[in-house]
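For reference, the structures are reproduced in the following blocks.
In the two complexes that follow, chain A is the common piece, with chain B as its partner first and chain C second.
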Partner chain A sequence: MLMLRVRFHGRGGQGAKVASRVLGTAAFLEGYYAQDFPLYGAERRGAPIAAFTRIADEPIMERGVISEPDVVIVMDKTLLRDHQAKPLSGLKKGGVIFINTPQSPEEARAEYTIAGQIITLDLTKICLDILQRTVISSLAGAVAAKIVGLSEASLKAAVEKVISEIVTDSVILEKNIEAALYCFHAIPAVELKTTEAVQMESRVFTMPFEPAAISSPALNTTGTTVLRKTGNWRVFRPVWDYDACNKCQICVARCPEGCILVNEEGFPYVDYENCKGCLICVEECPAKTLGKEREVHAKADSEEVIG
Partner chain B sequence: MKKEMLTGNAAAAWGVRLAEVDYIPAFPVTPQTEIIETLARWIADGDMASRFVTMDSEHSMITAAGAASATGVRAFTATSSQGLLYGFEMLYAVAGWRVPLVMVNVSRGLSAPITLETDHNDVLAARDSGFLQIHCETCQEVLDSILMAYRLVEDERVLLPIIVNMDGFYLSFTREPVEVPNLERVRNFLPPYQPKHAFFKASQPMAQSVTALGGSLYSYFKYQMHLGSQKALEVYKEVCVEFEKEFGRHYDTIEGYMLDDADYVLVMTNSFSTLGKAAVKRARARGIKAGLLRLRLLRPFPAENIQRALTGKRAVAVIDQNISVGKGGILHSDVASCLCNEKQRPLLFSFIGGLGGKNISPGEFEFIFTELIKAVAGEAVEPSQLLYTEEEWQEMVRLKRIAGKE
Partner chain C sequence: MGIERIKSIKDLPPEENVFSGTPACAGCGALLSLRLTLKALGRKIVIVNAAGCFTLLTIYPYTPFANSWLYTAMASAPAGAQGVRDALDILLEKGRLDPEEDLKVVVLTGDGAAYDIGLASTSGAIYRNLDFYYLCYDNEAYGNTGFQRSGATPFGSGTGTTPPGSVRPTGTELPKKDLFEIWRSHKPPYLATISPAYPVDLINKFKKAEQYKGPKLFIALSPCPPGWATDPSYTVKLAKLAVGTGVWALKEAVYGEVSHTIVPKKFKPVEEYLKEQGRFAHLFKPVRQEETLKKMQEMVDDYWKRHQLLL
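Up next is the complex of A and B:
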């Protein structure tokens, strides 16, 4: 019996859910039983989300979160250090990790001390080149389709079906197919030889009574956001040009995170630890002086522990 | 202590006044309005030191009451029927905040069709929300229960909101002798509310009711509400003892009437229990070993007490003054669930009666006992029946004719 479980880790807006659908649809079109499912909180661009695809040659008797995947697709490498997303958790022995990064597999292995098979490709760059945007759903779906061994024809049909349900623009659809097929061919074929996961024993716990002072859903502490810096959510960072800025402070007022401050001369500056890269400030600047730069997460996330 | 003639609504207002409540957000709805009118008058006259605010709806009203409670003050509010349903979303929210709000519900049947008279579908709709529920038979009990309610839910082991329920018209507008306790004695029983745990204060920022994404977090908070509610059974016993010590009146979670040696038992709640007790007396006079069990605390559900009261009885009729459309009597299911594993469980039957304030006549009670006796003798008896008389049916026939529905 064949049963493959693929887990996608992305950030809100990157297209992890659609990637899982591209893979699920491709498997379905190829005649397999398939199931796909996203899990995300309140909608927030940049927040970690996960999506799941199951592929089997028998009816699938599972639902929900995949805790022991055969393949993990990491669509944003900053997630590797996110202690809540934990993209590598539960990966089966012999499983495959794909990381969206310009690094080589060896560089990534060294930086994140990862065991197991690693495949890398800079999906964001390919996407910017072909589609001029950073939504890498079709590309990540294509990579996953290649890893699990689905055919090019199924992938192409799946991208067509899934993306045409979302966008009406045929040019965007064509470019999605082009980018997907490019990625499909750019990564090597792998042999997935995962062993069945050992079922972790879970014992039922009798929950004790705790008084409401402890058990009400309240936070008695302040400053808990330092545990969850949103700075590594960015794909682009806003950059200020003080030569052109007229100090109107509209960017300050419009930032939904409240992370733009004003210096002594009256110029705005940003707290990059918490700026999540929504680029609303860039959009709102009436003088059009705010620019954006592709983010390179070199050391920004180094203090967080690997999950 | 002397007694005076008070309506259920006036008795409720007295309970709130004696509890020295700090904050009362209000919105009128028949048959509850008299409670808040009375309180508003007392506050205007300087007889009470509370803050009174008229809100734009019950939704805002329950939110305001819960939020005030979250700042550590003693809050009160009251509603009825459609009003309770209008604020329904906030019942679950306020309960989840774990705040000791006391709310009176004056039961009234839900539309459609519109009625002003009583039944319990309104308050029972809130039974799963986390609010505790006390259901009262007399005006005295309304006043006393409000005092007991604050003492119960302000206990750190409980910290959940509570509804004190009385029947619209049958209690709310009915005057009967009520003893209004002396304020000093109330203060002995119910000291000022001084929460020791964290509450909203300007000097101490905190977040209440944060998001709990992920099932295991949510399960923890939800189940702790349940455990807190269960804990209230234990705390209730203490409150009950203290109350009796101070005022000499005893209110258990359930009340038995001629129950100890009874074979045939009626299970009822609220003001119509008085009618049931009269029926029990009449049945006894005819030689039937009848008894009545009145459920007073409905949430937490005193399953063990009910079990103890009903095991070994021959036949039990649960009279539900409510209807879960498509299922039947709500309390019948609850009572059945705590008896189903008992070896000596009685035969159990469901009767729907008193919907929309419809009277339950002596003849209908007699019918119930006859059915129970038949069942014990081995004859077939319908498991669930509506109490409705021939004359009532004839009247419906006449009205349908007038409405052009022949």
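Up next is the complex of A and C:
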């Protein structure tokens, strides 16, 4: 029996769940058995999530999360350094890892010491160019479909089916198909011949039952979330231009994260380690002095304290 | 009035009492409401948090808060607040707590708990004249579990459980509950609606509420980018539009007497607010639902006519 296991790693809102659905649907339409499902943490849009697809030529009896994937799709490269996400964990020898990044495969391999076949493509840029947004679900689904060897026709039909269940706008649907097919053709066909898992970074472990005093611990310190660098949630970063800033402090008042501070001269500046890149500050600045820049190389991606 | 009001954004209390790094979504309007509220309430508080998006702000071993925090089930935050208040009062009475160290008790809930599941215990707490603050961040659905319809969901909105389709093209068919009026019928000393886009109004309402002992209730209409299907950068813009179109009336009630604190000079058409949001997209495409849009405008107009603020 043939069975392929694909794991998607994305950030909430990027479309990892839908990507796994596109892949599962494409496989189904091509005559395979398929499963797809997401796994959310306790966090929200922007936080790491994973989604899974199993494809087989016989009924699939296996259930649960995929800990030893044949293919890993990393939809946000900052996740590679995220101790909670651990996207490479369990990847099999001969497996393929796809990374959404402007880097070349060699650059990515060097930066993250990755074993295995690497494919890269800047999905976010393609998505911004074609769809003017950063939800890369159909693009990531298309990349996965190519890697596992599904046909263009099944992919197209799957994107049509899945995306039309989500959006009513036919223009957005068309553009999703366009972007998906573009990505399908932009990456090379690969050979998938996987053996045992090699890149083991963590194993699933069970927690023993603990006394109530431990399992409902008291936290006697304040404001510790600052240590969790939510700066790597960003796709765009706000940038300040002091020449035109009138120090009105509206950006400071509008930031949900409270991470815009004011310097001695009264100019605002931001804690990029924790700015999530919502861009409310940019939208609200009355002097239009605040701009945005695409976040290409993650700035705050390595210092998470606890895994 | 002996209370010092602030006049502009520059007068906002500089201290941050909710720290960054929370797991809330980027651009969360509820987080902005909370951040501004806690600027007003300061650090000497205990938060009693009903299950919802914001119970996830504090995930062990991290907390974004500068104060104490207690988690309760969805239905029972006001009951939890009663317990905390009673404990503080007993300690004060016995002289085991310096009055300087007294804390304000603050209930924090989403609309699911406030409008539906926790309404009975809230009614009980108001009835018992519990001395507490109550903040409801109202994102008009159960945002935490995938945006299912709650009692706060407005007519015409699509949600996870009321998706628009051929049988029910409007999405949600029931109107939003009027929680303000439900609470007002209990005649608490202070009750207000607030908005994260109007921080000066928000802070001044808390300053005013401070003088009353008893229940002090606040409902903040809080845009929710994933649930409302909007760009995170539009959160404040939408909160402003809700007020500017008259959809969200900024008002207060002191012992039941209502006054509006911000009334738009000229109301914008409700459509301007709706068309920005994915949860209302079905009202415009593929076909414009003329009747529904008209009804939604009328519902808003009726409100302001009833209060004689729209002629």
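What we mean here is this: the second predicted complex is superposed on the first by the 263 of 307 C-alpha atoms of A that agree within 3 Å, B and C clash if a C-alpha of one lies under 4 Å from a C-alpha of the other, contacts with A are read in each partner's own complex, and residues count from 1 in each chain.
What we mean here is this: a contact is a pair of C-beta atoms (placed from the backbone, for glycine too) under 8 Å apart; a residue touches a chain by one contact, two chains touch by 3 or more.
From a predicted model like this one, the values you see are computed outputs, not experimental measurements.
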{"item": "Residue contacts on chain A - larger count, chain B or chain C", "value": "C"}
{"item": "Partner chain(s) touched by A:229 [first = chain B, second = chain C, both, neither]", "value": "second"}
{"item": "Which of chain B and chain C A:168 touches, first, second, both or neither", "value": "second"}
{"item": "Touching partner for A:256 - first (chain B), second (chain C), both, neither", "value": "second"}
{"item": "Touched partner set for A:217, first chain B, second chain C, both or neither", "value": "both"}
{"item": "Which of chain B and chain C A:61 touches, first, second, both or neither", "value": "neither"}
{"item": "Partner chain(s) touched by A:1 [first = chain B, second = chain C, both, neither]", "value": "neither"}
{"item": "Contacts of A:12 with chain B and chain C, given as first, second, both or neither", "value": "second"}
{"item": "Which superposed partner A:209 touches (first chain B, second chain C, both, neither)", "value": "first"}
{"item": "Touched partner set for A:248, first chain B, second chain C, both or neither", "value": "second"}
{"item": "Chain A positions touched by chain B in one structure and by chain C in the second", "value": "42, 217, 219, 221-222"}
{"item": "Interface residues, chain B side, partner chain A - complex", "value": "96-98, 156-160, 196-198, 205-213, 220-221, 223-224, 227-228, 230-231"}
{"item": "Complex contact set, residues of chain C against chain A", "value": "9-10, 12, 14, 16, 18-29, 31-32, 35-36, 53, 56-67, 196, 199, 225-226, 232-237, 281-282, 285-286"}
{"item": "Complex contacts: residues of chain A adjacent to chain B", "value": "41-42, 207-213, 215-222"}
{"item": "Complex contacts: residues of chain A adjacent to chain C", "value": "12-13, 42-47, 168-170, 217, 219, 221-230, 233-234, 248-250, 253-259, 262, 271, 274-280, 282-284, 306"}
